[in-house]
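After the structure tokens below, expect a handful of questions from me.
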Amino acid sequence: MAEKTKKIALLTGGGDCPGLNAVIRAVTKTAILQYGYEVIGYKFGYRGLYNNDFIPLTLDTVSGILHRGGTILHSSNKDNLFDYQVEENGKIIKKDVSDVAVENLKREGVDTLVVIGGDGTLTSARDFARKGVNVIGVPKTIDNDLLATDVTFGFNTAIDIATEALDRLQTTAASHHRVMLLEVMGRNAGWIALEAGIAGSANVILLPEIPYDINKIVDKIRQREALGKEYSIIVVAEGAKPKNGEVVVSKIVEDSPDPIRLGGIAHKLADDLEKLIKNHEVRATVLGHLQRGGNTSTYDRILSTRYGVKAVELIHEGKFGNMVCLKGDTTSYVSLEDVIGQTKCVDPDGEIVQTAKKIGISFAE
Amino acid sequence: MAEKTKKIALLTGGGDCPGLNAVIRAVTKTAILQYGYEVIGYKFGYRGLYNNDFIPLTLDTVSGILHRGGTILHSSNKDNLFDYQVEENGKIIKKDVSDVAVENLKREGVDTLVVIGGDGTLTSARDFARKGVNVIGVPKTIDNDLLATDVTFGFNTAIDIATEALDRLQTTAASHHRVMLLEVMGRNAGWIALEAGIAGSANVILLPEIPYDINKIVDKIRQREALGKEYSIIVVAEGAKPKNGEVVVSKIVEDSPDPIRLGGIAHKLADDLEKLIKNHEVRATVLGHLQRGGNTSTYDRILSTRYGVKAVELIHEGKFGNMVCLKGDTTSYVSLEDVIGQTKCVDPDGEIVQTAKKIGISFAE
Amino acid sequence: MAEKTKKIALLTGGGDCPGLNAVIRAVTKTAILQYGYEVIGYKFGYRGLYNNDFIPLTLDTVSGILHRGGTILHSSNKDNLFDYQVEENGKIIKKDVSDVAVENLKREGVDTLVVIGGDGTLTSARDFARKGVNVIGVPKTIDNDLLATDVTFGFNTAIDIATEALDRLQTTAASHHRVMLLEVMGRNAGWIALEAGIAGSANVILLPEIPYDINKIVDKIRQREALGKEYSIIVVAEGAKPKNGEVVVSKIVEDSPDPIRLGGIAHKLADDLEKLIKNHEVRATVLGHLQRGGNTSTYDRILSTRYGVKAVELIHEGKFGNMVCLKGDTTSYVSLEDVIGQTKCVDPDGEIVQTAKKIGISFAE
Amino acid sequence: MAEKTKKIALLTGGGDCPGLNAVIRAVTKTAILQYGYEVIGYKFGYRGLYNNDFIPLTLDTVSGILHRGGTILHSSNKDNLFDYQVEENGKIIKKDVSDVAVENLKREGVDTLVVIGGDGTLTSARDFARKGVNVIGVPKTIDNDLLATDVTFGFNTAIDIATEALDRLQTTAASHHRVMLLEVMGRNAGWIALEAGIAGSANVILLPEIPYDINKIVDKIRQREALGKEYSIIVVAEGAKPKNGEVVVSKIVEDSPDPIRLGGIAHKLADDLEKLIKNHEVRATVLGHLQRGGNTSTYDRILSTRYGVKAVELIHEGKFGNMVCLKGDTTSYVSLEDVIGQTKCVDPDGEIVQTAKKIGISFAE
């Protein structure tokens, strides 16, 4: 079966994430060196597949990209070929153009499509699998919120950057007796806030999974004062929510078409906290795009390489319709049918949250 | 003369800045090891001097602080003892309490006051000098905008951090064909934006000193597209202004008591640019407090150490009323009377701006 | 049972390792904040236990040490109280002084001894457990070569540093068409060389577990030349051995009382390679002590914190005689009786080695 | 005059150095964007000029190289075309082949040769200028030991790396009460050791310019012990020499054809010190090639860019036969005739050494 696979096509979908290039490199090197497959890469995710816009991927193409953030194949965020925006008869409509994609793959002689992306991208991958395309998925979520795998690449790089930011805020907070907030990624799952908070010595961590009571934040600040610690560090996931049902979204955010650009929660929270604790200045910093880019961490380079090699192994073994994953210390795979929409949220009773609590970190419950 | 100097008091004023601890350490070590002086440090700048709130500074106190950002003496931003807010008869009034400070210095037997701070802090230092206090100033401005010295500490660390941020934004911008803006410090002088822009390979740099025309930014983005570069990086100083007189401050900023917390200019500019260039997403990141904290760079550790040693040398030589400075490769000093209010702005015709232009960076003039 | 535990003593043994301070901090914070235990720390490992040389560990003592390499309790490398060098009647003899240690623990009212260390240190911990002391072990090996746990702290920091070193050597190698060797730690297990080699884009990895044939290294260099890559990067574990039985130790190393100081293998190999491949210069760098020190990585800060918290949990639950470990994503424990001497070597047929081979890395077999 | 210059050729000579690529980029961008010149780059320094082995340098060629160490043009260490090793009649002889180079330049229509290199490379540049070639020199020495310019690029990156290494050694030294030596570059001038020693909080600095007395090192270690500091950090330039005339080169080094590979001085000194101070272990680390590679620091990116732009300005103005330099804060130029062999050594009575002494650093005089 696998003998028939002669040409692999790769695409990356969704937001960029450190490790994408490492996967592209590992797939390409393994395919060429190990099995003599040909490899091409579609540009800008599914959009490139629709437009048949691709480049050949050779050993030269992937040379020197292991450590680089971003994706040499480019990516687009929203393109779903099963519900794609096209112009027809002068009108903008949405329609299923997946047959065009399948046609393109056939015309180019592509045997297997390797799709690297998050939940949305992988949903389409599953749908292509259902249409009979040989598909292998590689999970990509910087938030580490995928149930089907223990760890996703990009996450370690993101917590490295967030932790370094917290290290920097510590000295300013201590010098000025300030309360400093850092807003990090995490709309639905607070893994980055949780792990960076532990590593960066935060005093309060606010997660989407544990609604917060602002008065409990004040309590923690007061407790620290009582111990002679006249400053506090708070790390807040962008999706953190107040406890009392009502999500107090600041006006600033409501005006904006794109909340992430304003970092609503941290600025709003800083305003509110400053009113409650009059003896400290409160300052907010939104890490934003700095979490996604730059060089890929050692850990993520290795993990991504393993994912890429495993993807080609699955092709070689003819195990299509699956997604690569990591279980314990071993790469494995799971059916694309089983992974869609399965989010791994932080368990408030789980070991990591309990570890944080035991060393005195408050979740402001 | 110098033989009479037996006790030095130190204070740090204004915003924290990498290198403050290195100065404190160098002053303390040189004073103790070289001349046998005693050293104390007032806490929270002039406020501590007013409250006579100090700690002894010994070799142990300053051990291990060379590389650490912030200030072990803490700092406060606005306290001016010549116009100080006090409560009298149940009313909050402002009055000159500098005599209290002078009295405190006398009571503690302090011969010389070493003041590390920016323009405001040094203005008070000059005023204390005028009152007869032996004062030595050490300049501190992360913006590097002091005319009396070639370089100030903290600046190198700040451009390191801003450059690293630009390196990170590059990969995301390239992957998604985006325009990415980074807002850095610099209300009146754009040195950080200028030098980080050159080092971080920015395509457009916006400075307070060179009012920008937003259409020229668009032109630059279009020129890059024509060369196949479908993304651009813009670094913008927080004090950058549009050319056509009218400062278009976004509503967001007007609502806020503290513009720096919202990073008005970058977000506003991103909104405006996105309307003008419809084929690219535009994203803004505000570096904010991340520029001030964390570890001090190698360059700044050395410069701060030289400043601290020089301050004690001036005390030893009885050269009071002066501020330490760097001229070429040599530390020197200049009268506090001559330095106040002398800002060193970026010269639009100077070598650095011209260098940037010659390698193709646009200032959107 | 656990209610009786009121006082914990901590000690760190063996070579320093990033994460030790994080464990000390987590044990101390959890013990005090969570259970109200008292905590003391013996200095210089078992030597301090013998001399009853300790310091109290309070929240203040462990403040600010999370990220710092080394150990605030200091460590010593070789002291075994069951076979300890003492002076008696003017003679240096070795004897079992473990009773003195037990006596000291009793006198200080210590209920549980937490021992953080490697195989040697943990062997003594087991022996104290056999004598009836309540002991909890925390594994420490920068080489990650402990069978009883999936990962040990310090390892991630070490591969970060080694990978950064490889990144640096790449540019010089490419500029001068050189072969560059980097020698990293790993006498019996080659994990650091293996993982840093993958992350740092090495072309050849030499491990203790896979004896090498120098001619196969030359073959790899020649293959790369044929592809137009006129330089190569080799990472070599200090314990790497040639295939043909005879360990060709250079004269240099034989003269030395301490092989690690000379980095025998890399320099010897560079000499030998230069004779075999005349068209390239060959240069060796020994990473040595740079792998152990400095700041602890984000990953290791979190892992160490989890280990420290788990150690106190085990005390609370009265589960003495055990060592903390990580299995999958959960901390757990294993009897000290079962862990001694159980080395986890690199499996030449395991997934990581196979991953490296598939992307073209040679092990010079 | 300048109007005639239509084609520039670039070459890099000597050891690689962070900033070379930044100069290549700045020369290329300025030449093309500002003046419409054509640019080519000879490979492997003068060897490429002799073999007429070059590549065109375009905006694309120099894209993305600003931050990268090494040189995309490659370099060679020893090739002097005025005394070049060639084979003639089956014999290896040395002869002046500079006419071949001049001929190549003419044939390619090169108007100006830009030579980036150290003393040896620039000596040839001067000799080509004497032969009538339009030459511009750009100084390159990681050791910062060139009299004609205030600072050279690569130096800041090197002290960054050396300082980071010292930061790492600090934690191990303190944990184990060890004496740790770090050997850094500097055969004739000790600038790297001096500045990294100050920034990295070394206790002893050994320079080529200040012969050391090993007993004074021991004294310093003992003084620190008396203050409760049971460890010490020593940074030693590779060219450091003992005071008493006799250079005690270890046997290890004598056996070696290439002393730098063994880091003779630090290992020898460690051996000798361990014999003298029996209560501490002494360990040596040789930084070696790690100082040259990897990413270029912010400071060096800016300096190199300025040098590159200035080189093209000199071409435009027809000021041939000169070398770019930095004086104070301004780039300038100086005749190649005046710069050869003018080494800038550390002045033992200069401000930097005195600064180090005043904060308690020993030079073991």
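A, B, C and D label the chains in the order they appear, each numbered from 1.
One rule holds for everything that comes next: contacts are C-beta pairs under 8 Å (C-beta built on N, C-alpha and C of every residue); 3 or more make two chains touch, one makes a residue touch a chain.
Treat the numbers as computed from the prediction; the structure is a model and nothing was measured.
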item: Of all other chains, the one whose Cα centre sits farthest from subunit D; value: A
item: Whole-Å gap separating subunit A and subunit D, where each centre is the average of the chain's CA atoms; value: 42
item: Separation of subunit A from subunit B, taking each centre as the mean of its C-alpha atoms, in whole Å; value: 35
item: Intercentroid distance (Cα basis), subunit D paired with subunit B, Å; value: 32
item: Overlap residues in subunit A, where contacts from two or more other chains coincide; value: 167
item: Chains that touch, pairwise; value: A-B, A-C, B-D, C-D
item: Parts of subunit A lying in touch with subunit B, wherever the complex brings them together; value: 15-16, 20, 68-71, 74-77, 161, 164-165, 167-172, 174-177, 180, 251-252, 255, 261-262, 267, 270, 283-286, 288-290, 292-295
item: Residue ranges of subunit D in contact with subunit B within the complex; value: 25-26, 29-30, 33-34, 59, 66-67, 150, 156, 159-160, 163, 167, 195-196, 198-199, 201, 227, 297-299, 301-302, 305-306, 309, 312, 327-331, 351-352, 354-355, 358-360
